[in-house]
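Some structures are shown below for you to check.
Presented sequentially are two complexes of chain A, the first with chain B as partner and the second with chain C.
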Partner chain A sequence: MNRKILVLMMSLVLLVSATACSNNNKKTSSTDSTKEQSSSSVENGQGDKKSNEPITIKMMANLYEAELKEPDIAFLNAIEEKTNTKIEIEIPPSSGYAEKLQLMLVSGEYPDVIMFQTQDSDSYKNALEGEVIIPLDEYLEKTPNLMKYTYDASWKALKSNTDGKIYGVPRTSVTRADGFWLRKDWLDKIGISIPENGEITIDEFTEIMRRFTTDDPDGNGINDTFGIGVFVDPEKVMYPVLTSQFGDLGWQKSSGEFDYIISQYNKNTEVYKKVLSYTRQLYIDGILNPDSAVSDIQATRENFWRGTTGSMWGFGGDYNQHMEELGKLNPDARIVYAFVENENGEVKGTGYGTGMWQFWSIAATCKYPDRVMEVMDYALSDEGYDMLYAGVEGTDYDVVNGKRVYRDDLKNATFRGLFLRRAGDANFFIKPHLPQEQKDIILPILEKSVASVVRSEDMGYVPQASKEPTYMDYMATMAQGRAKILLGELEVDAYDDLLEGWYKNGGQKYVEEMNEYILKQK
Partner chain B sequence: MNIKLKNTKITKITTFEVINYSFMILVSIIMLYPFVNVFAVSLSSFSEYIKNPLMIIPKKIDLIAYKQILEHPTLWSSYKNTIIVSVIGTILALILYILTAYPLTKLHLKGRKLILLLVLFTMLFDGGLIPNYLLIRYLGLYDSLLALILPMVFSAFNLFIFINYIDGLPSSLEESAKIDGASYFQILVSIIVPLCKPIIATITLFQVVAYWNNFFLSVIYIKSVDKWPLMLFLREIIMGARMSEISAAGNVAEIAQNAPTEILQYATLMIVMLPIMLVYPFLQTYFVKGITLGAVKG
Partner chain C sequence: MGSSVKFKKYFVSNYMLYLMLIPGVIYILVFRYIPMGGIIIAFKDFKFIKGILGSEWIGLENFKVLFGSRDFYKILWNSLWLSTLKLIFAFPAPIILALLLNEIRHNSFKRVTQTIMYLPHFISWVVLAGMIMNFLSPSNGVINTVIQSLGGQPIHFLIKPEYFRTIIVTAEIWKGIGWGTIIYLAAMTSIDQCLYEVASIEGANRFHKMCYITLPGISSTILILFVINLGYILNNGFEQIFLLYTPSTYEVADVFETYTYRIGLLSGRFSYATAIGLFKSVVGAILVLSSNRIARLFGKKAIW
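This part shows the complex of A and B:
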């Protein structure tokens, strides 16, 4: 009995001392960090100006490629030289970036600059709440290039709800509304041409799709082609073929019950039902490749290259890649880009609300936030942006007779592509080394994609209501219902019931919260 | 000349057997097909794959994917890391299991129940991701191969298998050694360990496979690319493209261009699977034995 008590007491003592130790550790580390911060703020004022030693900036980024290649290294070297810095980038495995970010935030040891995926991610919210990152407003006054070349919507999206300050520098994503790639050689075969301005009506588009399916455009004598292929959204329901053409333009002003509404949740219009109905009919008529219901974007591209489908929704900058892959199987294949007009004859499409994709925040432990901002500002200056886009002389190109000649063995510059970007610059999507005739094909397409954007007012915001279990459960029902409608298993009118159920299962709160958010941004 | 048919048995094939064999053949085909397809695609060019993604036999052998993947600098370093982790981890694990299991079979060991209880506790409760991460950081193991070895070096389940096995050995052998004056350590080394060969083989297989397949520890504990294990490399090749598509939102098409193609993904799969596949058939018996050992006595 006594022995048992002794063992129990010893275990307790051990437990208590272990806890005490860990508490001590915590205390020490927090004191250390306070000290570090205070010393850094002193240095901040004068320290960096005293010496000419380059300062080290540690960054953590999700770059999809674990190791930087020569073009990125050359670019970083050039930036370091210009800004008297030394940039170290930690690139965690992209498949585990979110976990790594969360763990880094709890560890208490932060890099100077942290890349966050979205302003709605848990890690970003935690970093804000835990004051791990600092507001950048005071530094932004001294960064004219960042201010000039970033969408206002992106800054708004990065404003904190609590203090109204901006906590990140957006990696701008040139907002665009994409059209469709069509097989030009198939169009020639069926005797249809696309007008010079690339604009076609919904009827013309449908007719092309239909004839791509029925008129054996590949001439192999077998009825084995489809008009178009699409792919599935994150909820595993296929994207409708046409959306904005029927008036579905994301969150927009409304005269109904709410100030702002998206057609998908609008009980007062038939817009979304028209969107569903159009794709549903294409599916039933066998014009839409049935694989679309389970395909991802890569599979859809492959079907296009294979000649199974005659068109696909896609990015105008992909001209080269499509031509290359199509050419391997069919050297005669040609492609053309088309925008489908809406019912009023206009070309309009929804652009990604915030105009940014990922952003950079600065940690509270960073000793030189002003210098970090300088580096970012430099990257968007004329000189910096030229390097960001075209690369560095001696690595990406050589200058021969005053002209840039790009090297043949050009490697991917992942960091350059994901670091920063100038808002609205369609040219960024055109690789600098492409021959002029290809640039001439791509640029007008991209310019139109950029010009035809109608921005959704939601700014990528995800209302808290979406985290409610009832809502989340119902979203699965809703997705299933949408899939059934698109595959012709349910009538389009079934969407009314789905929508009613959605409002009852948290949808009402969702729309209210979204409205509150949008109105606050105005 | 008379020919005598000796020992020939004419067996009747029953309907059940026909159905059974047909079903089994069908199941085997279903199981084998993806593997054969992956192998065939990995030996083809991307355009051949586009033409016929469901191929079984490659039309034209093209080793481009293997060439690309074998030239990838991370492949070799990750191969090396996985081998180091698997070998050292397994050896360490076996030493620990043997040294822990043997004393725990002795009923007179003081505190035996408490130790067993503590071991059992780890089977039911886990510290959780964040405490484990902080522990590894505070121990200074972050970004070192030890962070991949130590967390998996000791599993309560495997220990119980070991204890059960040693418990089942005839006690007379040990007793006779004791009479001859052997110490506990001598008994362990010269009697128990040689008798434990089957269980050692089983646990070796368990550990090696566990180390070989683990990628999650490296996702959270490893920073430098040159310390990546093979599975993380594979995951990056396969998942990297998919992840970028998902997170790209409005910019889907922009990123997918850099995605590793299927042929590259498939070739990586083959290279990563090969060693463990070669070892598996030889150790399969032990694997089954291990599972039954655990099931019956564990």
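This part shows the complex of A and C:
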């Protein structure tokens, strides 16, 4: 008898726990509140604005790290004090952010501030369509810092197509065009030096790559090095080694059939074929690491660190990281940065069209949008921006004899890095605690990267034509063709046929829509 | 009448068993049957804001697009061919291994071997794909190092379409062979030991016993598993292909899973992705039902 009762109870327990689980999920929704709820009196901003009660701002953000560390918390505390707010941040797991965003939109319960990833994401379009978020134009008049330190292109990109109003505050991404990191010790070995201004011609670059491959620059007596390694793009086709150097600068004015065109889709110039053919030759000659055809960016970096490849395309601010990783295997490794000039001897590169990386929108349910905007504006004011960049006294640094001394055990400030940024500020990429001699190496590189940018006119816009099934089917064919050309299995001229097919399979509409969009922005 | 009374009696004396069944039934209902309602998405122009029921009804539009797609027949062929190769090579592998394991008489050695062979099953495809890429790397992979030391030229296996299927099938075998033996070894334990004794008396050697007792003894298990596997003929798994294919191998590597991912999920065309899933399930169901019937015609035990 007892056994029967036991079994009965166990099944009941199972049942109850199953239902309990599903309830739990709804209630908590893993709100990673950043700080302990210290004062119980804060009633979700119910209090009158005039009273001194701080208002609560709930944000949902994609931060790559589940928990905020001390530097972020100190920064938020400082901002809260200045703006009389309480900021709560919900951080869904980064890998599932897009899904979480969609679910949040469907649920009907919105945080005050929502971070969207791109202005072309479905979730953002849905939010616009469903009037989940509000236009910010009237508030932007009162936020001089936001206006001053944001690229015009970013505002344009966040303008709604239907009512022409701005629906987000961009997290500005300082637009830059990167060059290449080269192994300095290998260059010394083969007797080539990079000029003071860091600029080399395409031929010089090619010669370096070639000799890195053939001249045993690591001196181990084995022919096991490659000039350069690249990685694959989201379509899994290798990124070409040089692009802007041959005149490929994204969507630019054209005198041809369309007002604006990107060289990849331009039937009238050989620019893109030159781009393909350069990388193709490096691959065929064995100068490009053959692993590049299947490598992701991390694998490519590891090959550079391991001394398999002698150069890689990359961000100038990574100096420290490269030196650290290289030093693990080879303490004598040194690196130097170089920009490759185009055929006219200029350094030019394409930058992100919109100059932003994610952005913040305010939900229609937010009670104090003006206060939210105040907080964001403060973060870009001189005082706020100093904290955003350098951190807070007592947490990130101490002031000794009137000078800032950064702490040794500094932790990453993820939120500070992703909250907001000032446009054009290359200095942001240089961590404040680095020794002066490293700053002196990095800053000129970054300044040049920022100065050499040519902005692509597409503003990150993706034409609706790209969602057509025939177009999408053809993109796989196109990727296949490009890959085969780069790997030397097809002649470069095969690109002409590919491009013709592209125009027939929806490409025509794609370019037309893109032109329409660009002209509307003008 | 009689049978229902009988059942009542049976139920009263065994109700505990039914109670224990409840969680399992609830699980299947909640996670397997109720979501089936979502199939309706395949016939709608699904929009998040409008919800499943509120979205516009578009009938068979998605299926028209699917069957009209220039890539459809290529993908269908790739999916079928890869699955068939897996059925030919990867399906019998654990059977052979189980037969071999069964012949090991040293018990602790047998168990250790089995356990070691289970391990690859627990390695995720992401890790395994990384290992494969390293092994096959033309610059410093083990296999190409061997080829080079024998005087050959390094081969870039992962971008050559002719190697792709071999790589996938080999990886599947390596990953699944040990795990797959479990069910066959279990089936072998149910074979009557007397049969082996009689065979020994009659002078049968080990090979005879394997062919005439063990193999027939597990044949119904093999058949059932084969029928179930046929149902998955259009399923090749997403991760292993996605992680190892490149545009240069699309012509042989693009299967329904990767196509759905590229066309359906990356661009948010959920209705289309659902339509593809439904098509695959229908094909799988037809195959399972027909092969089950064939099995019955041959007088073998079948699932139903």
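Here are a few things to note about the model shown:
By our rule, the second predicted complex is superposed on the first by the 473 of 522 C-alpha atoms of A that agree within 3 Å, B and C clash if a C-alpha of one lies under 4 Å from a C-alpha of the other, contacts with A are read in each partner's own complex, and residues count from 1 in each chain.
Here is the rule we go by: contacts are C-beta pairs under 8 Å (C-beta built on N, C-alpha and C of every residue); 3 or more make two chains touch, one makes a residue touch a chain.
The structure displayed is predicted, hence computed values, not measured ones.
When both complexes are superposed on chain A, chain B and chain C end up clashing with one another.
In the overlay built on the shared chain, the residue A:M472 is in contact with chain C alone; chain B does not reach it. With both structures placed on the common chain, the touch criterion links A:E235 to chain C but leaves chain B unconnected. In the overlay built on the shared chain, the residue A:V106 is in contact with chain B and with chain C. In the superposition on chain A, contact of A:D185 is made with neither chain B nor chain C. In the superposed model, A:R482 lies in contact with chain C only, and not with chain B.
With both structures placed on the common chain, the touch criterion links A:E302 to chain B but leaves chain C unconnected. Contacts of A:D458 after superposition: neither chain B nor chain C is touched. Of the two partner chains placed by superposition, only chain B is touched by A:G96; chain C is not. Within the three-chain overlay, chain B meets chain C in a clash at only one of the listed stretches 73-81, 91-99 or 199-207, and that stretch is 91-99. In the superposition on chain A, chain A positions 7, 106 are in contact with chain B in one complex as well as with chain C in the other. Touching chain A in their complex are the following residues of chain B: 46-47, 50-51, 53, 73-74, 111, 114, 129-130, 133-134, 137-138, 216, 218-220, 223, 225, 228, 232, 235-236, 239-259.
Within the complex, the chain A residues that touch chain B are 7, 25, 64-67, 90-97, 99-100, 103, 106-107, 109, 117, 173, 175-176, 178, 234, 296-298, 301-302, 305-306, 314-315, 317-318, 321, 325, 328-329, 351-352, 357, 412, 414, 429, 460. Against chain A, in their complex, chain C makes its touches with residues 16, 19-20, 22-23, 26-27, 47-49, 51, 65, 69-71, 133, 137-140, 154, 156, 158-159, 245-248, 250-251, 254, 262-263, 267-269, 272.
Residues 4, 7-8, 11, 14-15, 18, 102, 105-106, 122-123, 126, 129-130, 224, 226, 232, 235-237, 289-291, 293-294, 299, 303, 308, 466-467, 469-470, 472-474, 476, 479-480, 482-484, 487, 489 of chain A are the ones that touch chain C when the two sit in their complex.
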